[in-house]
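Inspection log for the structure reproduced underneath, given as C-alpha cells.
A, B, C and D label the chains in the order they appear, each numbered from 1.
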Amino acid sequence: MAELRSRLWAAQAGPLTVDSGEMCRFAMYLGPPIKLSALVTEPSNSIIHQSYDAQEREEPLNGDGFGVAWYVPELRDEPAVFKSISPAWNNANLLNLAPVTRSHCLLAHVRAASPGLAVAQVNCHPFVRERFAFMHNGSVGGFARLRRRLRERLSDLAYDAIAGSTDSEHVLALLSDRWLEALEPDPLERAALALRETIELLEHLRAELDIEEPSYLNLAITDGAAAMVCRYVSPGPDPAHSLYYARGALVVEDGKSRIDAPKSDGPAVVVASEPLGDRSRWEAVPRNHLVLIDDQRRVNLREI
Amino acid sequence: MAELRSRLWAAQAGPLTVDSGEMCRFAMYLGPPIKLSALVTEPSNSIIHQSYDAQEREEPLNGDGFGVAWYVPELRDEPAVFKSISPAWNNANLLNLAPVTRSHCLLAHVRAASPGLAVAQVNCHPFVRERFAFMHNGSVGGFARLRRRLRERLSDLAYDAIAGSTDSEHVLALLSDRWLEALEPDPLERAALALRETIELLEHLRAELDIEEPSYLNLAITDGAAAMVCRYVSPGPDPAHSLYYARGALVVEDGKSRIDAPKSDGPAVVVASEPLGDRSRWEAVPRNHLVLIDDQRRVNLREI
Amino acid sequence: MAELRSRLWAAQAGPLTVDSGEMCRFAMYLGPPIKLSALVTEPSNSIIHQSYDAQEREEPLNGDGFGVAWYVPELRDEPAVFKSISPAWNNANLLNLAPVTRSHCLLAHVRAASPGLAVAQVNCHPFVRERFAFMHNGSVGGFARLRRRLRERLSDLAYDAIAGSTDSEHVLALLSDRWLEALEPDPLERAALALRETIELLEHLRAELDIEEPSYLNLAITDGAAAMVCRYVSPGPDPAHSLYYARGALVVEDGKSRIDAPKSDGPAVVVASEPLGDRSRWEAVPRNHLVLIDDQRRVNLREI
Amino acid sequence: MAELRSRLWAAQAGPLTVDSGEMCRFAMYLGPPIKLSALVTEPSNSIIHQSYDAQEREEPLNGDGFGVAWYVPELRDEPAVFKSISPAWNNANLLNLAPVTRSHCLLAHVRAASPGLAVAQVNCHPFVRERFAFMHNGSVGGFARLRRRLRERLSDLAYDAIAGSTDSEHVLALLSDRWLEALEPDPLERAALALRETIELLEHLRAELDIEEPSYLNLAITDGAAAMVCRYVSPGPDPAHSLYYARGALVVEDGKSRIDAPKSDGPAVVVASEPLGDRSRWEAVPRNHLVLIDDQRRVNLREI
C-alpha cells in the first residue's frame, strides 16, 4: 500500500517539496561602506561571475536565482533584500540598484537548484528574520526524510515563519529557536551556542533515520553589526564545501576586485565561497569551524 | 515573551506563509472535445475576462496568476498543467497554446492573492496529484491558526506532496488522505465520502480553536472522466461563494460563449464561478451541495 | 497583394509591436528627502493603491508592470530605476526596497497594457537616459501607422537608444533629439522648447496620415533637480487625461498620505495622475499646459 | 558633438537595443509524430541538457530563455509556440507540456544572451510568422551598426512585424520580404533563393560599413511540412558554428536519445547544433551549405 501510494503521488512533474542550497555561492562584507556594485556587479571575479563560472565546483552553473541584502541602519533595523529567480548576470534591476546602494554590511547569494526542483523567489537567499540576514551554501543530508520530524521540533513562531521549501530555511528556523531560548547574554556567544545545538539536532535526526548523505552547512548570519560564519560537513570522508575569509580593504580596479591592506577607515572582513581575486590575502576557513566577527570586525576562529 | 517573539518575526516584509484562494474564479468542462481557447481565451465572457471584470464579486481583480489543466488520455493519464504568476490576460504562451489544445476535460483558474501575499507558481491552481486535477475558490477560515494542527493529521505521503503555502493545497492533502483510506469501491461515492470527512475535520479544527471566520470551499476535482464539485460555506449567516453548472453544448460565436442544447456528440457539463454567457441555461449549485458528474456526464446533486 | 500580406502576418498571436501607455498612473516628487515607501507602498491612497483602484478612469486596473526611479546624487548622476512586469501590489522586492530608499526626487509609474499587448520590462516606465528620467501616461494617436515615419526623423543616437516597443519611448526619443539640438541655454526653457517641437512634429505626422485618434501626452521628465510636466491632448472634443500637482509637505499618517503646508526644510512639489489624499491642496494642471519646476521647487504654469 | 552624445546616452545600465543569438543551441525534428519530451526533456543528451553543458562551445551556458514550437495541423496552420525567459531546465510548464505534446514537426531553441543584454520573451526563438517557424544560432556581424540601414530596406509589413530587438528577427524580416517577392513557384526553391538574397544583402551592408566581425547564420525555417536549414559564416578564416543532421528514427531509451535506422512509418530528419547521441549517424552540414528537406523528408544539400 505504501508503495502504491508513492507510485500514486510520484507521477506529478514539476516542483518537488524538497529543495536544497547545495550548489550555491555566497559572499558577505562587513566594513567601511562600499557600493553593492563593488561586491556583485563591477568586478569580473565577483559572485555574479562565479554564478556562471565557479572555479571550485564541478557544476559551474548558478542560474536559478540570486539574492542580495544590505543594511541601512539610519532608516530601518531590518536589512533590505532583493531577490529574483532570473539569473543574476542578466537582471537589469540588480545592475541598476548595485551602483546606488551603499552599505557597511552586504550579503550576496547565487543559487543553483537541481534540475527539476522548484525555483521560486521565496526560496532564494538571503532569508531575513527581523534584523537578521541568513544564507546557506550546502544541503541537509536526507532532508526529504527528516523534514517532518524537524518541523515537529519547531516553535509555532519559527514554524509559521517558514515561507518556502528549502532545507536552508528550516536550518534557520532551528537556529532561531535555539537563539531565542539560549540564556547566554553575549550575542555572538549566544549565536555560536545556538548553532552548535542546531547542528547537534540535525545530526541526531540523521542518525535516527540512518541517513547516509552528509549535511553540508556553510552558513552566514549577521545582524548588520556582527556576524557568524560556519563551514561544516557531517563526520566522514567527504570534504566540506569551500569557504574563505579575508581581512583588509576590498578594492575594485580595472574591473577586478582584490583585498588590500586595511585603510585608515578601518578593516573590512569579507567571507566568500571562493576568493574574490588574488588568493594570497584569503584564508580558507578550516573544516568544521566557526568564524565569529564582532562589531569591531575582529575575527575569531573556533572549532565547532 | 510570546508577544516579543511575534513582534520580532512580524517585521519581515514580503511573502507570508499563509495564502488563500478566496478571491478566485474557476471553470471546468467535461464533454465532447473542445479547444482550450473556447473555454479561456476566445470568448469575451470567458474566465479570463472574468479575471479582470468579475461580476459577482466586490473586488473585480484576479491578476495574480492563473492555471489551466487538460487531459490527453492517449498520451498520459496525468493531466497537463500550465500555470503562471503573470496575469492571464497578457500571457502570450496561453494565447498560443489555447487554440492548439483540444480535450474532453479542461480546467481553468484565475487567482487573486490579497495585496502583500506571496505570488508563486507553486501556489497557482489547478493542483495535480497523479491523474487528479483539483482547484479551489474560497478559503479555510483561520487557516494560519489551524495549519499546524491540520498538517499533523496528514499521512507522510500527503504531507510531503504539499509544495506551496496555500490553504487550498492543504485541503487537497486532507481529501487525498481520506480518499486513499475510504473503502467505498465506487469512485464518485468514495470522493463524496472523502470530501464529507474532510469538511468535518476542518470544521472540527475551527471549533477547537474558536475560529469565527467561516470556511468557503468551492472545490472541483476530476480524474478526466468523472468529476465532483462542491459549494460550501461554514454554518452561519454568510452566503457561499457563487457557483453554477450547465449541461448542453458549449458554443462560441462572435467572440461570446453560450450553452446550447446538447448536440449529437453528447452533452457537456460545464461548471463555473459565474455563468459563461446567457444565464438561462445555468443553474446555481445550492449552498452546501455536491455536484457529482459521472463518466457519462450525468449530473447528480446532493446535500453535503 | 497587400491584403494577402497583412493576412499572412496578422495571424501570429502574442506580442504586437505597438504598445501604449494609455491606461497608466504616475507620480513624481521633488522636495526634502522622503522614503520611497511614503510615495508608493505605505499610504493606502498611493500610486500602488491606484494601480488596482484608480478613481478617475473607466478601467480601474494597472496590473501590467510598474517602475520607480530615484536619485542618489552623492553616488551617481543617473537615477536608479527598478521595474517589473509583475503587478506592483505584490512585488516583494518593491515592498522591501521602498522603506530603505530615501531621496529628494522620486518617480513612480504603474502600467496597464491593453489585453493582448506585450508586457516586457523594457516597456515599463520610467525610462532613463543619462541623468534624465521620463514617464508617460497616454498614447500617441495612430502610433502603429506613424511609427516608421517618426523613426526616420530620429538621430542615430536617439534611434539606437530605443530598447522597447512603446509609443512613450519614441516620444522620449523625439524629445531628446530636440533637446540636444536646441540652442536655448536655460535648461527648463530648453526642455519646454524641445517639448513644443516634439508635439508639433507628432501633430504634423498625425495630420499627414489623416489620423483621427487624438494623442494623449501626460509627461514628466526630470534630471533630479528641476522637472517639466505636461498635460496635453490633441485639438478636438476629447478631454485630456487627469493630472494634478501640489506644493507643500508630503505627510503620511495612519496609512494615508496628504499634503500639508510646507515645513522648515522647504516645500516639496508633487505631481500625480490623481490627488494623493485630500483634494483641497491639489490643483488640476489645465489642459495643454506645462508645469515647470525649477531647482528651488518654484512652480511655473505655461500654455503649450 | 557626436562623441558627447554617445557619452550622454551610453550611461544607462540595463537592456541594450542590440541582441544576438550567438551563443545558442537548436534542434528541429520532421518525421513520424513524436512527443515533445523525446526531443527536449526526456533524454539526458537533449537540447535542454545542452543548455547547461554544451560540448562544442567555449561557454557552456544557455540559461537565458528558451522556446519550443510544434505543429498541430488539424487544429491550426500556425505552429504553437511556448517561450520563456527562465532557464529551460527548471521550467515546470515545459516539463508538464512536453509529455502530452505530440507532433510530426517540432523545434526547440535554448538561448544565451551575453551578460548585460536584454532577456525578454519577445526575443526568444522560435519566431513565428503565419505558418512559418524560424530560429537562429549565431549573430549578424556589426548588427548594432547596420541595423538602421537594414530596417530601411524592409517592407512596412516586415518592419511592423518585428516585436523584439534581436538580430535574428531582423534576418527573418529580410528573409520574409525576399520570399514574398520571389517569383519561383516551388516553395523550397523559393526559400533557397530568398535566403541567398538575404545573405547577399547582409554581406553588402557589412562591406558598406567596413564591418570586420563575421556573420554567423545557422538558421532553420519550416512551414510544418518542408524545411530549410543553413550553416553559414562570412568569408574569412573563422569557422562556422556547428550544425548536424541525421535521417532515421529518433529513439529514446534509458534516458538517452539516438538515431536508429528508419522504421516502417518512414524516416525522420533531425537537425541539431550538436548530435543528439551517438555521432555515427549524424553528418555535419558543410560550411556555407543549405539543407533542403522536402515534405517527403528527402534531404538535399546545396552550396549557398
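Note that contacts are C-beta pairs under 8 Å (C-beta built on N, C-alpha and C of every residue); 3 or more make two chains touch, one makes a residue touch a chain.
Please read these numbers as outputs of a predicted model, since none were measured by experiment.
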**Item:** Copy pair chain C, chain D: interface residue numbering same or different (half cut)
**Value:** same
**Request:** Quick one: superpose chain B on chain C by CA and send over the rotation angle as a multiple of 5°.
**Result:** 180
**Message:** What's the distance between the Cα centroids of chain A and chain D, rounded to whole Å?
**Reply:** 39
**Message:** Using mean CA coordinates as chain centres, what's the gap between chain A and chain B in Å?
**Reply:** 37
**Asked** Which chain D residues reach two or more other chains?
**Response** 13-15, 81, 92, 96, 99, 118, 121
**Message:** Taking the touch rule as given, give the residues of chain C at its contact with chain D in the complex, in rising order.
**Reply:** 5-6, 8-9, 11-18, 77-78, 81, 118, 120-122, 128-131, 144, 147-148, 151, 155-157, 159-163, 165, 180
**Prompt:** Within the complex, which stretch of chain A touches chain D?
**Reply:** 13-15, 52, 60-61, 63-64, 85-87, 89-90, 92, 95-96, 99, 113, 115-119
**Message:** Can you tell me which positions in chain D touch chain B when the two form their complex?
**Reply:** 35, 72, 75-76, 80-84, 92-93, 96-97, 99-102, 121
